[in-house]
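Next up: the structures, one after another.
Across the two complexes that follow, subunit A remains constant while its partner is subunit B and subsequently subunit C.
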Partner chain A sequence: MEALALLQDVFDILLGFGLLWLAWLALFSLDLFRSIVSFISFGLLMAIIWVRLDAPDVALAEAAIGAGLTGALFLAAFAKLQPASVNGKGSSINPQKQSSRKQLLRWLPALIMLWIASGLTIAILALPPHATGLTSEVTSNLTASGVSNPVTAVLLNFRGYDTLLEIVVLLLALLAVWSIGSSVPSIESEPGPVLDTLSRLLVPILIMVSAYLLWVGAHAPGGAFQAGAVLGAAGVLLVLSGWKLYPGLEGFPLRLVLTAGSITFVVIAILTMLVSGTFMQFPPAQASILILILEMVATLSIGVTLAALFIGSPPTDIKKL
Partner chain B sequence: MNTVFLYALVGIGLFCLGLFALIVQAHLLRKILAINIMGSGVFLILVALARRTEGGIPDPVPHAMVITGIVVAVSATALALVMILKVTESSGQPEFPDEESK
Partner chain C sequence: MQTLYFALALFLLLNLFAGMWRILKGPTAADRMLAAQLFGTTSVGVLLLLAQASANTVLHDVALVFSLLAALTSVAFVRRAWLSKE
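What follows is the complex of A and B.
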């Protein structure tokens, strides 16, 4: 027992330092591509740490979104930035400008950071080593929530408000991305045989994993966000291998799927208000089925929104309207 | 209980490292990376401190908040990256212009 505890401590310390080292590489590595790859590894290490901290739900979300989709977004943006930085004006560092003033400008923030870090450290260490938080409230009301996974219960029942707003934030981000638009065309290349075969094999599996995560979220780690992220990853893979949405689906059907999550959420919230008198208070008897419906629609919306965020520009059909 | 404070301190380290890079680095893509790492630091502190419960079951409320945070972070990142591409298009470089060179 003793040796196992020691081994776990060593593992934790190695993970912690590894994480800080990867963060340093991601932020200060001279090669930008290397930075992004370090950031993706950082996300994977982070997922392991979530498991160490008994947060498997967060680990699933981090592995799918933090490491997967965010990394894909950065790599796509990096590829689109390349032509600009190759054409001369890439780096504007003038050696003469690196004067003592610039040196001071580097040291000053470093000192301020040390000051903030020590202040935060004192604050964290001053916290009591034991705190119950809201665990007892959640566990005592878990039977009324309709699901047995406490995190899903918080996300979709107790703090359903947050989740509703979160889905709206996703939609808003997509609207903003579509409005700003980027005239840099996305790089279209013929997918190689590896990517082609891989996506043919992986996409059905990803869709199944997504459905499994959605279903299992009621009583075990998983849920709408993790399932949506996996679905989004399947979409990204399809886009990368040259797949295009059928032209007939680009207009209204696409927008309906994108907004379905928010709409269903609001409709259910208002219906429950008419029944129970409080906005978004699920009656315990129907909570289970309501949460399942919400999660199914939300998964679809989240997945499609994430894939659309990766593409970055609206389908041509919408642009013409 | 050591694990809790170890990871909370790593979280502080990530936050400050990210904030430092956000100030010092000029390249906009690096600034977005820095903000993402700052966010990860905050998430780490939240989840680490959620594990201070007596019974061994961590507090699920911060976990739910962090999952929400991860999704909001990815949508903000996607928006920021599109804005970087726009800045690069109009100014020719992925940085904000220097004060002196104006």
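What follows is the complex of A and C.
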């Protein structure tokens, strides 16, 4: 038994050091590509650490979003940065003026970070030494939530507006990316037979796993965000193998799917307010089916939003170029 | 049995540290990306060992998502980042 405890300790300590080292590499590498690879590896180690901390829900989200999709997003952004950085080196006029402004711009985030860090420190110091948390409250109300996984109960029922706001944040991110626009048309070569076969094999599996995660979220770790991320991965893979949306679907239908998650959320919230008198209070009898509808639509919206973020510009714009 | 699982997981973790050295040294982008792929594959192994050790089947799902999405980063690398580098 002692050997096991020792092994576990060594394992955890090594994990912790590895995570710190990768975080350092990701933040302070001069080579941008090295930072990206460090960040992807950081996400993988972080997911293992969440598992060791007994939080498989977070590990699943970290695996899907942190390690998988963010990595792909960073790589695509890196590719778009390449020509720009070559030009930037040659055409930087007035380095003096830029550097003084940059200095100021450097201090501002530092001050904000300091402010947040001190606030967090105060908050942590003010915590009671032995907090019971809300676990007992959640478990005692779990039967009324419509699901048996406490994490899903909190995210979709007890604190549903958190999830609503998260979906809106994703949508805002996409709006920001779309309004910045990218004038760099990605030159795509024909996908080879390997990629062709891979996407044909992998995309159906990804869609199936996404549906599985969505369904299993009711009683075990899983749920809309993890399912949406896996669905988004399927979309990204399709885009990378040269798949294009049917021209007729690029305008309004795409926007409808993108916003469907938030719209359904708000509509259900208002309906429940009319029925039960409180914003977003699901009646216990219908909670299960309401959560399922919400999660299905949210998964679809999240998946399509993530894939659209990867493309980086509205599909109607690409046609114009 | 648990001790064996953890010993094996520790061994795989040490492999990851060898991968970290490759991320640090490079020299080419493909070397670094392959190190990240090693991270993905090895993490799947670690997760499955931890799942056996703690008899927690949920970790199988995490390992499944890991292995599915590891392919995505390598495809994104080959299709986007690599071509632009050459």
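Throughout what follows, the second predicted complex is superposed on the first by the 270 of 321 C-alpha atoms of A that agree within 3 Å, B and C clash if a C-alpha of one lies under 4 Å from a C-alpha of the other, contacts with A are read in each partner's own complex, and residues count from 1 in each chain.
To be clear about the criterion, a contact is a pair of C-beta atoms (placed from the backbone, for glycine too) under 8 Å apart; a residue touches a chain by one contact, two chains touch by 3 or more.
Keep in mind it's a predicted model, so treat the numbers as computed, not measured.
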Could you tell me if A:147 is touching subunit B, subunit C, both of them or neither one (first, second, both, neither)?
neither
Checklist entry - Looking at the overlay, what does A:240 touch: subunit B (first), subunit C (second), both, or neither? => result second
| said: A:220 in the overlay: touching subunit B, subunit C, both, or neither? Say first, second, both or neither. | reply: second
### Task
Considering only touches as defined above, state whether A:125 meets subunit B (first), subunit C (second), both or neither.
first
On the A-aligned overlay, A:69 touches which partner chain: subunit B = first, subunit C = second, or both, or neither? both
Once chain A of both complexes is superposed, is A:82 in touch with subunit B (first), subunit C (second), both, or neither? second
Task: Partner chain in contact with A:202 - subunit B first, subunit C second, else both or neither - done: second
Overlap of subunit B and subunit C contacts on subunit A, residues 8, 52, 69, 76, 78
The subunit B residues in contact with subunit A across the complex are 1-10, 12-21, 23-27, 29-30, 32-34, 36-37, 40, 43-45, 47-68, 70-79, 81-86, 88-89, 92-95, 98, 100-101
So, in the complex, the side of subunit A touching subunit C is made of residues 3-4, 7-8, 10-11, 14-15, 18, 21-22, 25, 31, 33-34, 37-38, 40-41, 44-45, 47-48, 51-52, 56, 59-60, 63-64, 67-69, 71-72, 75-76, 78-79, 82-83, 186, 188-189, 191, 195, 198, 202, 205-206, 209, 213, 216, 220-222, 226, 230, 233, 236-237, 240
So, in the complex, the side of subunit A touching subunit B is made of residues 8-9, 12-13, 16, 19-20, 23-24, 26-28, 32, 35-36, 39, 42, 46, 49-50, 52-55, 57-58, 61-62, 65-66, 69-70, 73-74, 76-78, 80-81, 84-85, 87, 89-90, 92, 97, 106, 109-110, 113-114, 116-117, 120-121, 124-125, 127-135, 138-139, 150-151, 153-155, 158-159, 162-163, 166, 169-170, 172-174, 176-177, 180-184, 223, 225, 229, 302, 305-306, 309-310, 312
Listed in rising order, the residues of subunit C that touch subunit A in the complex are 2-3, 6-7, 9-10, 13-14, 16-17, 19-20, 23-24, 26, 29, 32-33, 35-36, 39-40, 43, 46-47, 50, 56, 58-59, 61-62, 64-66, 68-73, 75-81, 83-85
